[in-house]
Each structure stands twice: as structure tokens, then as C-alpha cells.
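Which chain is which? They are A, B, C and D, in the order written, and residues in each are numbered from 1.
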Amino acid sequence: MSTPLRITVWGENVHEKKHPAVAKVYPKGMHEAIAEGLRELGGAEVRTATLDQPEHGLTDAVLEATDVLTWWGHAAHGQVEDKIVDRVQKRVLEGMGLIVLHSGHYSKIFKRLLGTTCSLTWREAGEKERLWVCNPGHPIAQGIDRYFEIPHEEMYGEPFAIPTPDEMVFISWFQGGEVFRSGATWKRGNGKIFYFRPGHETYPTYHQKEVRRVIHNAVFWARPEGVRWIDTCPNVPIGKAVEKLTAQGESLHKPGEAGYR
Amino acid sequence: MSTPLRITVWGENVHEKKHPAVAKVYPKGMHEAIAEGLRELGGAEVRTATLDQPEHGLTDAVLEATDVLTWWGHAAHGQVEDKIVDRVQKRVLEGMGLIVLHSGHYSKIFKRLLGTTCSLTWREAGEKERLWVCNPGHPIAQGIDRYFEIPHEEMYGEPFAIPTPDEMVFISWFQGGEVFRSGATWKRGNGKIFYFRPGHETYPTYHQKEVRRVIHNAVFWARPEGVRWIDTCPNVPIGKAVEKLTAQGESLHKPGEAGYR
Amino acid sequence: MSTPLRITVWGENVHEKKHPAVAKVYPKGMHEAIAEGLRELGGAEVRTATLDQPEHGLTDAVLEATDVLTWWGHAAHGQVEDKIVDRVQKRVLEGMGLIVLHSGHYSKIFKRLLGTTCSLTWREAGEKERLWVCNPGHPIAQGIDRYFEIPHEEMYGEPFAIPTPDEMVFISWFQGGEVFRSGATWKRGNGKIFYFRPGHETYPTYHQKEVRRVIHNAVFWARPEGVRWIDTCPNVPIGKAVEKLTAQGESLHKPGEAGYR
Amino acid sequence: MSTPLRITVWGENVHEKKHPAVAKVYPKGMHEAIAEGLRELGGAEVRTATLDQPEHGLTDAVLEATDVLTWWGHAAHGQVEDKIVDRVQKRVLEGMGLIVLHSGHYSKIFKRLLGTTCSLTWREAGEKERLWVCNPGHPIAQGIDRYFEIPHEEMYGEPFAIPTPDEMVFISWFQGGEVFRSGATWKRGNGKIFYFRPGHETYPTYHQKEVRRVIHNAVFWARPEGVRWIDTCPNVPIGKAVEKLTAQGESLHKPGEAGYR
């Protein structure tokens, strides 16, 4: 692609201000570490947006100029306004890619797009996580060997209450004995969605090379294809039917009237 | 199954009171015609519930005692309270079957479970619809020949903005020249979902034998299997890890504390 | 179901005769241990069939009278005759359930139905395997707690080269550090397919209570639904078109002639 | 993409030599008309290969240098050698795109990759076909309006005995009253597969602008992504396990030995 991919990295940016342990690992905020990883691997224009900005930094203009959005949230899912979630959902259905990170499994936007609870089991013990590649030929797994390890992470375990993914890219092995579907894809409307598990706020996960590489791969994988289609539920007037028709029977709607919603 | 299947037929019951043309076709309401079809084919205990009842007739007790819910709505989707939608979604994810009928494609519950706009194109001309069976061996198509026709129906046309169905059971041919994915299935959580297109309020569709047969087949196909599982996102304390663990690194959550939502 | 489910347990029965270590664990053959587990849990009529029988024990009559077939093979995949594989495939597409066990991932019938290589990584070290339930509400997981362990098993690891499963039921954690999609479902034609990983020939896996329970659950899950449909690619003569048609243009086929294959 | 996409157009080239009606429409063969359409839209290097060439024109070297293969066959599916089908399948699983056209639904390679019979109903009456776009935002539908028509085509009707497609791009409406899933996608291994229905040999379908546009879109959609991965079922020796292991229990395989196939 000749023009750079336009990425918006969204971060809740709450823990970083409240918890010294998090601020120490991510002094500029987690979103800046994620953005830095994307910038260093190149090919994209990367901006950030956070919860405390007007409209959470996700104005119509910003989303309009975003090819792929990454999402990290945890403590403040409930503070994300529904109208912003509506707006993000609309853009995903139109074709904007969405990369949901770690505790974003419980974000409004992820649950909205998948329709399930997206729950899981968890443990915060700083244990070792090993992510196995389920398909070494997949674009999201490029540059990763057969697996990679994160020395200290929060554990997320099955059951992960999601609809069947289109593709499985990573499955995690945890030192404490659990497994988890750590990298999975879906398509909703024309938007490609990738969920990527790692990224607990107290560990330097988003500084790790392999994690940055996967997120970089993922945003390129999730770039929009085709054209933007706005699905508006149009009425096709009888006189414009492809095959000639004569109206029959009773009718509720007057000619040209919009349908109910 | 030795015990009868417990069905709740939900009807908006708005058009039937406002429009004489609808009242003439469905004097007791559309929900009663749907329920009658299910009763005459047997094997199920069928009750009805409507929008104007307290909690829209869908109390916790009713949903608890419902194996499969059928849903018809059109003019008043917006009047269905979000807390009732939450409740229905929860029961579907636990395993209750859901049969979404016709204009229910725009109901809150259908959009909530699928995550897309569920839009389509449409025309109210009383034209002929022919529904083709995509898999004659499918339980939902039993008793239907290779196709069946509805003499007068509203047209719904592609594009139908849904996630890829798990299975395609019917595709419609319309006299005016369009096609539509008229019978499609999904699973969300442990709930089986079937969308069935026919059923415009001004035509006697729910009195037609083949339509009744399909809905009857569908409720039996959608019956709960397995056990009810409530996914609660439990914490697994470090001391209860399957493999012996020692906590490492920083921690945000105190032992036993619930996670964020 | 009032009539018992008719199960055929197919076993290669080669290792059991060649290797004393296997004969010791499975003195009557692995197929008999699998059949015994199904019989003790009840509700099914269980027969066995083996490679060395005429037509590998899978005559037309046997398959005709089989609702669900289980398949274990390893050393002699190549000796299974293609015409028998054709026959089994035909019955699966008609609706017969198929449970593929362990090294059956490389059987002709599994690769034939899935279309991919079905390869994986492996290690024979007698290590511990822990199978996690991905959906505790799934019929195949009933009676299993959140996980179960097999003390000594062969390791199978990702990447497992399969098409995306319809549903994930189990994922394994291995002591040596790998993970694997150990319980997965597909539908091909009207046949339900379940792959279940455990069952290396040198360990007493098919004597273990949880393994027997899962296989028993699986055969009931995979039972045929609907009716048997034989898809024959029929010609629809012009005179029998639903909408009136007149032939136009050139034609290769004479009226009533069968198509090419 | 800076380097042109490398396309191989495979044609059976049998009807063209036997039937004057076909030769008249496709004097250079159908494969040349398909190739011409791809060439005129640009961006690709297009070669052709036919059944009567050595190795059907699909040598290792040709496939190695092919990013996307298109396949049209009808009368001579049975003459395609199994070893060539093996070779094509291997390349698809490695990531080569495959576009299967019209009567190719019964080709060995399509049935091999999908695992089902791929049967349908059919009629040769030169009737009108109208292909509706199921997702106007899809890359394969670019440049097509909401539908396009082919004045004279063979009818293919449901049931089409395929596994559920990943995405539905086109559904056809036929003048004689049938419908058909005319444009559908699957992924097998790392290869993207698109089935596109139109193209009966007695009609000038492959000279039609919209048909050429769809095939051109499809080859670009199906281009390989990621890297080529050869899945070889490797053994992981005990000494190379990620977590330290000691062998336990009996073993069939000696250290370093290959597994059975």
C-alpha cells in the first residue's frame, strides 16, 4: 500500500494515573506504549485517543480518518458512553478494523459486536504465558516462531464465552495449568476483528518485541478492503421492481414511506 | 422427549389493534395464530406473551419456564425495554432457543445477539415468494418438499446484513426479481437461533400449513441441549491453581476480589 | 429416544497384535475397550468392526444399520481401501455421525471429509494431559467438571492443520508445554463429526472414566437428525420448471440426459 | 502490490474441440476468454494450462509460480490425474488461491477440498440469471451494482451440497424459478477458495463485462498472504520439550523416528 495505514490506539488511561505500579511500567500510559510499538515497525500513521478526552477522543472526524482502531480498557468499561460505542460499531460494520486487547474482552464494543458475555476465568499471579501459533502461515503470526513466551502475565482461562471465531491464531499455555484462545478473528459487517489476549497493566507486555510484532501484523491484516457500504434498509418501490409487478393485497406502508425500526 | 417442550410465543400485538386489514387476517392477534400452529402440530406446551403486558409478558418466571421463545415485532421495536432484552439475551446464552420471525430482523434482541445492523431491502406488493430448501435433510426442513410457495408476501431482498450463518436452510425467490436468505441458523452461547423470513402482517402467512410446519420443526430443533451454564468470570485464587504457583510481580487485585466489568 | 442408538466402533487392531505393551493394556483390542465404555453407560447397541475383517467390517449392511461410527486407526491408515472410505463418507454425508479418535486425525476418512492435511506435532513421553472444557453447557462436556486429567498420554501440539471447527469443546494443556484443540466439531453434509484427541495405544486412556463419558456423550450428540437425503444432482427438465420457460440458445445435453461428472 | 499477481487459468478444453456451438462462442477455448478478461483488467501475469498438456499443464514449476489458479472443467473431470489433484491441493493448503468456475463444482479438486458431494440441480434452457450482491462492501463485488444479469445461462439450483461457506458474495435468481448460492468463499489451510457459478459453455458468459470483473476481483482477493507453511507433522523429541520432561510409560516409537501415516 502506498498510503500509510491510519491507526488510532484507544486507551482507557485510568490505571496509569491511579496505580504507581502501572505508572512505573507505562509512564506515558499504556496507549503510548502500544502506539510506540506500531510506530517503530512502520507503515502506519498512529494517533492515540483516551477516555478522558471529549467524546473519548473518538469523534466522527477521528473515526472517519481511522482504518484500524485498537482498544484497551479495564476499570472503566462502564464509563464509555453508549453513543460512542454506537459510533465505533457503525464504523466497524462499514469496514474499519478493530483490535481488542486483553481486558478489552469485557468492553462494551466487543460484547456489542459478538453478542455473548465474553467472560473467562482469571488469576493475577505474574505467571509465565506461552502463546502457540495455530497457523504459522497466517499473516498475524508472521515473524513469530512456533511460539513465544511472556515471562509474567495475568492468566485468562477457558471457558471463554465467545461465538466460534473465524480463525484461531494463538492458544496460550499458562504455567498455573490453564489454556486460553489468545488470538482469534471474526468479521462483522465489513470489519475485521482480532482479539489478542496479552497485556495486563502491571507487566511490561506492550514493551515486548513479539507482542508489538503481533499487534503490528494485526492492524495490517485488519485494514479495510472493498468499499464502504452503508446499509440503509431501502424500500424498493413497486414500479422499480426488476421484474414487472402489480401490487396485490393489503398494504401498511404508503408508497415511498420508510419502514419501522 | 417425554416432557412437552415449553414454548413462549411473543407478539408485539400493535398492528392487530390499529389496522383493520391486519385485524381481519389475525382477529386474535398474530401471536395467537403462531401459537395455534404450534399447538395443532403437538408435542409442546405453548403460551403467548405480548408487549402491552407487564414486563412485556417476559418475567423471570416465564423465561425460566421457557425452552424456546418465538419473536415477532415490527412497529414497536423501540418500545421493548432494554432490561427485558438483557433478560432474554441472558436466557438465550444459557441455552433457550430463539426463533426470530420476519420483521423481527430489526428487533433489539436479534441485533443484540448478532452484532450487525440486520438491514435488508424490502417492498410491500403482495408478490409471490418461493422458499427453496438448501438442505432437504435438515431437521427444520422436514415435511417440506424441495420448495414451497407463499402466494402473497412482502419482499425482503439481499443484502441482508448478518454475520455468516452456521447453516442455510431456506433461500427465497421473489416474483419481483429478488432473492433472500430466508432461513438461517446461528448459535450464541448455548442458545440456538433460527431466523425465518415469512410473516408480513397483512397476509395470512401464519395460517399457511408449510409455514406452521417450519416453525414447529424449528422450535424442536432449537430446544436446549446439555446443561445450563452461567458464565460468571470467576477468579482462580493463586492457592487453587492446578499447577503449583507462587505469585510474582505487581498486582492490582487483592486476593478474592472481583474483577472489573 | 426410545430405540437404542446403533453404534459401530471401528478399530484398526494392529498394534494390539504386534506390540506386547499394547496387548497388555488392551488385551481384547482397543476397539473392545471403547465399546465396553459405551455399553456400560447404556442407551446404545454397540458392535465392533476391524481392519482385518472382510470389507474392514464396514459392509453396506453394517453402515446402513449404524447411526454413529467411531474410528481409531494409526499404523495402517494406508491399508484402508478407498472404496470403503467412499462408502463411509457417503453415509456421513447422509447423516451418520462420526467420532474420530486420536491418531485417526491422519485417517483417510478424516482427511477426506475435512480437505486439509490434519497434521500436528507430537511427542511420546507419557506426560500429563489436562483437557479444559471450552463450553461447560455443551452436550459433549456433560458430567465433566471444568477440566479432567489423563496421567500419561502422547502429546499432540498445535499447529493442528484443520479447517475452523464449528465448535470447540476441549483444549489440552500438556506438561511438556504444548496446547492442542482436543475436542472439535464439524458438520459435513448432514453428518456430525467430533474429533477427540486422547487415546494413545500404550496408555490405558480408554479405560478412564472421563474419556468414556466424553465418547458416550459424543455419540449421542452425533446421532442423525432430520431425514436421509441422497443428493443426486438431478436435471430439472424445461417443461417442469416452476416458472414457465421456453428453451433459448444452444444446448449440449439432450432432454433427460444425465450431466457429466 | 508492486509485482504482478501470477495467475494460471486452467481449462479442460474438451467441449471447445468437440462441439461447434461451443467453438463458435469460444474459438480460442474458454480458458483463453477467461485469461483475456483477466489481462484486460490488468495487474496480473496470466498464463493458461489445459488438460491435454503434459501433467495437464500443472507441473510443479508452474504451480510454484502461480499465486492464484482458476479452474473450469466439465466433461472430463474423471480424466484429471489424482497425482495432479494432490499437487494442486498441496499448493492451495500452502496458500495458493483457487477460483472454481461453474461446472468445476464437480471437479476432483473442489470436492477434495470441501469434503462433500457438491451436487446441485440443473437445467439447460438458456434462461435469464440475475446475481444479487449479498455484501456490496466485499472486495469480490467491487464495480458491480446491487445485481447484474446474464441473459442466457444454464440454471443451477439449490440444494447445493457444500459445507457452510465463510462468506456469501452472490445469490442467483433464475427466470425458471430457482435460486442458488452463486458466489461463496472458503479457506482451507492458507488457501482462499472462491466458487463462482456462471459460465456454461454454450453461452458467451466469459465475454461479459461483469463476469470478467468478478473473476478479476476474485483473483486479487484470493492472493496469498502471510508466508508459505509446510505442515509436516514433526516429532518433538523429549529432550527438546519446552518444559523439562522425563519419559514415562511405554513407547512405540524409537527416538527420532517418524510417525505413521
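In this section, a contact is a pair of C-beta atoms (placed from the backbone, for glycine too) under 8 Å apart; a residue touches a chain by one contact, two chains touch by 3 or more.
Since we're looking at a predicted model, the values are computed, not measured.
The pairing of chain A with chain B is characterised as same-residue: of all residue numbers used at this interface, over half are used by both copies.
Chain centre most remote from that of chain B: D (centre = mean of CA atoms).
In terms of their C-alpha centroids, the spacing between chain A and chain C amounts to 35 Å.
Remark: chain A and chain B have CA centroids separated by 27 Å (rounded to whole angstrom). Work out the mean CA point of chain A and of chain D, and you get 31 Å between them. Contacts with at least two other chains are made by residues 130, 135-136, 157, 159, 161, 164, 166-167, 177-178, 187, 189, 229, 242 of chain D. Touching chain A in their complex are the following residues of chain B: 15, 19, 21-22, 74-78, 89, 93, 103, 106, 112-117, 119-127, 152, 155, 157, 159, 161, 163-164, 175-178, 186-189, 201-203, 229, 231-238, 241-243, 245-253, 259-261. Across the complex, chain B is touched by residues 94-95, 130, 135-139, 141-142, 147, 166-167, 187, 189-190, 221, 225-229, 242 of chain C. Contacts from chain C toward chain A in the complex involve residues 130, 132-136, 146, 157-161, 164-168, 171-174, 177-179, 181.
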